[in-house]
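Quick heads-up: structures coming right below.
The same chain A turns up in both complexes below, where it pairs with chain B and then with chain C.
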Partner chain A sequence: MGGITGLLMALAVAGGLLAVSLKNVLHAIFGLALTLLAVAGLFAVLGSPFVATMQVLIYVGGITVAMVFAVMLSTVVQKHATESPWRRAGAAVVALGFAVGVGMVIAAAGLPDGPAPELVADAWTVRQIGTSLLGDYNVVFEVLSVVLLLAIIGAIVISRHEGEEKQS
Partner chain B sequence: MPETVTQMVDSPALAILIGIAGVMGALTFNALFLVWLERKASAWIQRRMGPTEVGPFGVLQTIADMLKLLSKQLITPKHIDKPLYHIAPVLVFVPVVAATSLFPFDEHIALSNLDIGLVLVFAFGGLGIVGIFMAGWGSNNKYALLGAMRSVAQNISYEIPLILSALSVVLMVNTMGGPETNGMNLAQVAQMQHDKGYWFVLVQPVAALIYFIAALAETNRAPFDIPEAESELIAGFHTEYSGMRFALFFFAEYANMFIVAMVATVLFFGGWSGPVLPGPAWFFIKTYGIVFAMMWIRWTFPRLRFDQLMSFCWMILIPLSILNLLVTAFIARAV
Partner chain C sequence: MNLESFLLLALILFSLGLYAVMSRRNMIAILIGIELMLNAASLNFMAFNRFLPVEDPTVGQIFVLFIIGLAAAEVAIALSIILIVYRQRKRIDVDDITELKG
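Up next, the complex of A and B:
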């Protein structure tokens, strides 16, 4: 593990900790942005600059800003005032369960021991990613666009609903 | 294909230093020159003189301004969101420096030559938006926040036609070249126009027009300068910034103009390609020609209203750019 990889990993974890611990929702979102940026850096280090760029373009430039916008458009900036111990306990159980589940999957996957194989230069060019997205993984790609469509329809439904309430 | 600094210099650290020094020097000159040009151009258009006192035609005026800004006291307002307020100018400035290093300004030499150069430019543009938002929120000022919200809404919306119009060119380059061609590599796009002997603005006029309009909005230039509409919002998201912090925003704004003009030069106007003069000369003549057109528009047209701006993007520009992309795809398929 090189120094840069370690630094990026540490940054990703630090951003995640900021995202869950900060009281101010906006600060938490910017903590998340730090994590996403660090993950983009990890992609670059792992030899996939295109995915890294897309991570920055979509997640840092798009999703983070959309989240900030959602917070701004809601009337009250929440400060975790309604949090109860039960909810905290529930969240802890869910998080722990998820971590254990992921850990079991990784353990069961049987990853090879020893040093990682050499990075293949140009293993993930834009052309290859495009070919596999529209070829082998065509179904997954299309299902993803259905999810996005649902999100857009949901946004329209919510905004329409609010508009009617204001008029009445 | 251009040779990069990394290939010419042995040590990577030295290459990075050369790159940063080159970009910072170019951007500093760019900001000084463009501020002077903007003042002179606006003066010509409005039948005024503009700066005349410092140096011939006032060319040294902006250097004096810069020294003043450097030596000014930094005023930090009370009740700000401290971390965000302080990070914001840096976060606006850094992506601009990174994006500037990506351009092939000559046939033989470039700072970098990446297969995903075009996407990377847009990705860095997206990072700047986060910085603008931090500035607006961190300032704890209603005008700054309104300006930041407008800026973010505008930037997110106009990014769509901007990227779609650039994508038309990428599609065309990939179809015209062999399987080794990569339309997202800025050097290859310029090279192909040089080889074909014509500029892509001739075959993609609609994409070029959409790109230019969207670029005006992306750089918050009039008639889309709603985020800092001075008659409504004082100075928008950088209202509460002073001295060098304000200068960083100003610097980034002019650097952004420079960057979108460079993208337009490479995608639509043949990059460094041109007769007689050397490559970099053509590259910068074209780039500053586009920048001048942006200034010309700024001082000629009035500002749009915010709802007009948004509906223009969503109702006209985005459908038109999608249509243009589809037509390009069909023609590329047929040829």
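Up next, the complex of A and C:
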């Protein structure tokens, strides 16, 4: 178990480094996909295969593919100007400062060390998630469905309106 | 495999996303950074739910599912905005976008 977890963590960090460092956006998207897959594996290690499946289906299968389509439709990969070194240095300073600060907080927080407690029987099953989703969190579930509907309508309206305007 | 290692991994992913959002100019690259940060948050929710005793053992998974759903909505809107900007300016640099009305 420990070896698999370490491997998945290393893969996640490697994919993240690729995603932020590669110049070609298409390659960066594949780095992001590597990270997403590794995080899905970590979800499975943490004991929730259902959420891991959803992560693979929606993130890797949906969001990554949509991003690849956007890159293909806006072919700007080659003629993209490079970022100025000052901009990158400033961003690196802020990100490193954030990482060190939060790392100190984590180190000083006195978190419980040692392995995870035993999984409570049938506490992390799909049945339990469904009961919780349609029971306690019913309102949030419905609001999220409205948000998704609005997002779909908004995306269609935004891109169609501009297209017709351009043709006229 | 303890709680701290998961939190440190999430911290590394979040910092990488923060760096990408602040340093890149390509809008799709910035979107990649945002996705990295959202994933770090999901990982934190799952790890805390697994390692610390909570009243309802499914709450972390529910939060992660909501985060995934909101990320899908966000990407749909962001990509349609990117496509409009590309149609009008033939570039997708954030530095070019200085007005709300095209």
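General remarks:
In this section, the second predicted complex is superposed on the first by the 125 of 168 C-alpha atoms of A that agree within 3 Å, B and C clash if a C-alpha of one lies under 4 Å from a C-alpha of the other, contacts with A are read in each partner's own complex, and residues count from 1 in each chain.
Methods note: a residue touches a chain if its C-beta (ideal position, glycine included) is under 8 Å from a C-beta of that chain, and two chains touch if they have at least 3 such contacts.
Because the structure is predicted, anything quoted here is derived from the model rather than measured.
By the document's definition of touching, both partners, chain B and chain C, reach A:Gly62. When the two structures are aligned on the shared chain, A:Ile129 is found in touch with chain C, with no touch to chain B.
Within the superposed three-chain model, A:Ile158 lies in touch with chain C and out of touch with chain B [touch as defined at top].
Contacts of A:Met54 after superposition on the shared chain: both chain B and chain C are touched. Judged by the touch definition given at the top, the superposed model places A:Leu42 against chain C, while chain B stays out of reach.
Counting the residues of chain A that each partner touches, chain B and chain C differ, and the larger count belongs to C. When the shared chain is aligned, chain C comes close enough to touch A:Met9, but chain B does not.
Contacts of A:Ala33 after superposition: chain B is touched, whereas chain C is not reached.
Legend: residue contacts after superposition of the two complexes on their common chain; A:Ala92 is shown touching chain C, with no touch to chain B. Counting contacts as defined above, chain A residues 50, 54, 62, 66, 69 meet chain B in one complex and chain C in the other.
Across the complex, chain A meets chain B through its residues 24, 26-27, 30, 33, 49-50, 53-54, 56-57, 60-62, 64-66, 68-69, 72, 125-127. Residue ranges on chain A touching chain C, taken from their complex, read 1-2, 5, 9, 12-13, 16-17, 19-20, 25, 28-29, 32, 35-36, 39, 42-43, 45-48, 50-51, 54-55, 58-59, 62-63, 66-67, 69-71, 73-74, 76, 79-81, 83, 87-88, 90-92, 94-96, 98-99, 102-103, 106, 111-117, 120, 123-124, 128-129, 132-133, 136-137, 140, 144, 147-148, 150-152, 154-156, 158-159, 162-163, 166.
The touching residues of chain B, when paired with chain A in their complex, are 81, 83-84, 114-116, 119-120, 122-127, 129-130, 133-134, 137, 145, 149, 152-153, 156, 159, 179, 182, 184.
Taken in their complex, chain C has these residues touching chain A: 1-9, 11-20, 22-26, 28-29, 31-33, 35-36, 39, 42-43, 46-47, 50-53, 56-59, 61-62, 64-66, 68-77, 79-84, 86-88, 90-93, 102.
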